[in-house]
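These notes open a run of structures that come right after.
In what comes next, subunit A is part of two complexes: it sits with subunit B in the first one and with subunit C in the second one.
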Partner chain A sequence: MSEKLALLHPEMVLFAATCVVMVLGLARSAVWRSACAWLTGGALAAAFVLALRSPVTDGLFPHFLAYTKAMIAGVALLILPVMSGTVDRWYERRVAKGAAFDALRVTRGEFYAFFLLSVTGVMLCATADDLIWLFLALELTSLPTYIMVAISTPRVRAQEAGVKYFFLGALAAATFLYGFAMLFGATGSTSLDAITIQFRGEGLSTIATLGLVMALVGVSFKIAAAPMHFYTADVYQGAASPVSAFLAFMPKAAGLIVLIQLLATVGWSWGEAGDALPDAIRVALWVIATLTMTIGNTLALLQSSAKRLLAYSSIAHSGYMLVGLIAGPGGTVARNGLAAAMFYLLCYGVMNLGAFAVLASLEVRGRDGEPAEADAIDDLRGLFRVRPGLAWAMTLCALSLLGLPPLLGFWGKLVLFTSAIGAGEIGLVVVMGLNSAVAAFYYLRLVRASMLDERDPDAERPIVTEALGRRLAAGLSAAGVVGVVVFASTLQSASHAAATPNPRYDEFLKVEAPARQSPPAATPTARHN
Partner chain B sequence: MTTDHASYLPVLLIVLMAIAFAVGNIVLSRLLGPRREGAVKATTYESGMDPIGGARKRFNVRFYVLAMIFLVFDVEIIFLYPWAVSFAHVDPRSPDGALFLGRVLFFLFTTVVAYIYAWRKGVFRFE
Partner chain C sequence: MTALLAQASAFGSVTLYHYLFVSAALFALGVIGFLSRRNLIIMFLCTELMFQGAGLALIAFGRHWMNPTGQVFVIFVLTIAAAEAALALGLVVYLYRRKSTLDAQAWAELAG
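Presenting the complex of A and B:
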């Protein structure tokens, strides 16, 4: 058991930082309080380095941890500057002017602590090898985000979004937990390796199939996929833009990782073809992916709010990633659907963050005269005249989300297409192609509003927030959308290595997993009777 | 393990018993209960105090905070008890012993952090 601790070094660093940040946020000195964000950044950087040095496991995907955790820590580092100025901005200003400090009124420490806890949860999902661990890690990812949504801005709308997100999240958790319970009932074990052995030996029973489908549906809440996507637009719009950017990546990454872990018990390691998912599961995934892409793109067309538009676009992107999962792992970079999904997740994380960061950098004067967050697409109009840099960042990120050739999104989508074609999923490729074409319409609306449209002469000009970090994140993402393309092939081969099944997995299962099924030695039996 | 449908029979039985219990109680009280109407009968607590004011009154937020702090320690005790019972049976020479102790110390440490946080936040100040 204790050798497992070696896999958890990045999580340990993040958790230690969480403990410190939570208390540090209540310090009397403003300097110490402002150190929270820097400490969070330092911990994420340390976790990134430790993640790159993750040991090779003997499980199904030996190199999975290094790529996945480094990606999570990397994107979290990119999200962190957007968070600047999200909580306590007005309160800190009053304290600076001499108001008495009241620890009950600040939320900075909690905010960054929850940020770190959620990232820790995503990483734990990648390390998990047990159903109970998976469940706890998923909840650790989601529970902090409910509070982050509610405290992100003092508006009532954010609290409404937080409550909505919490109740629907609880429903989803109940669904996949029920699915996990059925899997346990059908196989008699919670260890993923033991379940794999069981399924290989006996095949899938009806209850196991039902459990797996329920787990898939429950986890689709985390990635905002079709049967559980209803919350997305309301929550992303209600939360402050920086938190929406966080929600659009972290829970999604956790969901995708858990889907890979769950599906690995029924397929991929079984045959050489790599497309050996059972028919029932494959059909369920197919339906979820098709619905997700179509619903996301169709509803995005109808939006007048940029945040809702990006929310529906994030639903559509989940559908694209599911295409990679259906394609399954293949022998080469171009045919490995899992690697394509993992690489696309990274691309999506960068370009989607850029779009949200531009929105987060802008404020408009609301009807009551108070500055409010930019939300409507019309708020972007004339941006090029005021802030050409931000307008360019929005344009590059939107075009990349659309998948325009030289940009990062294109390379991500390309491997998804080639892997799906390699797996013979022509129907899915057609659906995905049609959807990408539809998506062009609404992404180009963002581009047109920020680059070409003139602002109404009597309308207020968009104001740029003082939070420098948000503009920095927008700039970094836009640079990433162009610059990371240079490293695209390196990253693709890294994701391919991460998602290549272990050829010696069978031997590992024979030796390791039966031992895990029996209770560990330290557990007492009814000896004292 | 093949799915043995007979092994789910107890589950089915308990579901049926639950339904029978719920439906049976409603039907029995309909059949056997005396029926009296009146102003006293219709009050919220029939044989208790007369209610004062509405239920949608605002309570001091400290009640909620205190309840949450209680929950932290309450849950901790629940987890500590089975741990303490099993710790007596761990072989002191086995290497698992240190891990077994380390885990619970880590768990206690997280509670201490929660406690420090609550203290700094001013939860225990009542003025």
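Presenting the complex of A and C:
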């Protein structure tokens, strides 16, 4: 029992901090309220350390937890300073001047609490070994994000985005729940290990294939992949930039982890060479990946809003990661597609956050003179004259998203390419290469606007916000894009270790997993009583 | 699959197949309603319909395998559905105060 609990130590810390932050955010004193951010940061740092010390499991991927949870906590720590400005500053200033404190108007405490809850959900997805657990973890990841989107700014647009995100999220949740129900029906168990035994022994039945495909389609909402991608641009644009940055990583990490868990039950031991997914699943994923990359990159070309552009670029990046899932685990770092996807997720988290953080640290004056969020690509024009540091951060992150060597994004994409080539998926490699070339066009627009274009003489832009944390996050991400390259091979081998199947998993299945149940022959009908 | 079909041929009694048919019908009605209706409350009810369709399938499969896990799963699903209902109504009321309409078509601010 205590061994099982040791797997959950990071989640426990985060959940305890969530409860404290939730209450602390309602404190009368502004000092206590501002402690929420520091407490959140401390909890995430503790979770990071505990995650690195995660015990080795007996499951299919024994070292999966350490890398995955440390990555989640690390990127969450990077997102936290961007969040620091997401407060009703006008209200806080009035309280500081002596206005009455109204607990109902505080948006700080619960905002951090929702942030922590969602991160806890993502980590639970990694720990899950059961369909019920997976379902609950996915919902824990997404339910707080709906509220975060809706309360992120007081504008109507954010609330509309929240409602839209919620409704499509509920549709997706129902879809993967139905898929899980079919998987349970096909195998008679909700334990992922028992499902693996069933699939290895008897192959995929029609119901199981149907269930898996429905689950894949439902979860593709979380990673913003093709059949469920259409909410992305609206929601990312409607939400405040810090929340968009959060949405672009956390639900995506949860979705990718769940996809790996689900696909691992089927295993990559089918096909002619015995190293591919079963045909039906492979074709479904192939179509999803190709469509996702192409739609994301094509629509990104047409955008004039930087946030919508980044939203479509995040769709395209999900497509790249799916390529790694199709390739599957292999013996070496260069061949291991799962490791490539997990490593790419980390790279993507750092560089995408940098781009969003630069956007979040800029504001423009609206028609009424009130500060509004920077959104259009034109809002970046002349940034180099005003804030060369931010312009460089945007340039580095955009070039890294594009995959330019020697930046971080290149190393991430390289392993994805080699793993797909190793798995013989030449078609996918060609599609991915073409898409990366198309993507250059719109990433370079971001670079040109921030570095080369002259500032618009009439417009008062760009103006830098007072929130220091956002610039800090932008700087840290840009430094990461350059600096993490030094540790790229270490991180790649860590992700390879995380996604290497346990050679003794078969023995574990024989000993540990419960004996397969068969439907009792005597009671084929359900009685009414 | 063949086992399911064999059971379906046992006319006169309610079989797993019947339950699955009802659950699939509930789910499909939910999807159709979600895509065709404009009112936010009705759209939310449609997603609930889809959840209950999945729940019914879980119970039926649980009975088929004589495995109570399916029913346990449904209890969790009901909890989540309740949480989602609270969240949905909160968000809808929040939006209604600003826009005075529940028509999903009235969202002019976010194009596409």
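Methods note: the second predicted complex is superposed on the first by the 505 of 529 C-alpha atoms of A that agree within 3 Å, B and C clash if a C-alpha of one lies under 4 Å from a C-alpha of the other, contacts with A are read in each partner's own complex, and residues count from 1 in each chain.
Please note the rule applied: a contact is a pair of C-beta atoms (placed from the backbone, for glycine too) under 8 Å apart; a residue touches a chain by one contact, two chains touch by 3 or more.
All values derive from a computational prediction rather than experimental measurement.
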item	value
Which of subunit B and subunit C A:Ala161 touches, first, second, both or neither	second
Which of subunit B and subunit C A:Thr206 touches, first, second, both or neither	both
Partner with the higher number of touched subunit A residues, subunit C or subunit B	C
Touching partner for A:Ser361 - first (subunit B), second (subunit C), both, neither	neither
First, second, both or neither for A:Gly188, with subunit B first and subunit C second	both
Which superposed partner A:Ser313 touches (first subunit B, second subunit C, both, neither)	neither
Subunit B versus subunit C as contact partner of A:Met22, first or second or both or neither	first
Interface residues of subunit A shared between complexes with subunit B and subunit C	188, 205-207, 520, 523-524, 528
Of subunit C, residues touching subunit A in the complex	1, 3, 7, 10, 13-16, 19-20, 23, 27, 30-31, 34, 40, 43-44, 47, 50-51, 53-55, 57-58, 60-67, 69-70, 72-73, 76-77, 80, 83-84, 87-88, 91-92, 94-95, 98-99, 107, 109-112
Partner subunit B, residues of subunit A touching it in the complex	1-2, 19, 22-23, 26, 102-104, 109, 186-188, 198, 202, 205-208, 520-524, 527-528
Sites on subunit B touched by subunit A in the complex	1-3, 86, 88-91, 94-97, 99-100, 110, 113, 116-117, 120-122
Subunit A to subunit C touching residues, read off their complex	131-132, 135-136, 139, 143, 146-147, 150, 156-157, 159-164, 166-167, 170-171, 173-175, 177-178, 180-182, 184-185, 188-190, 205-207, 230, 233-234, 237-238, 517, 519-520, 523-526, 528
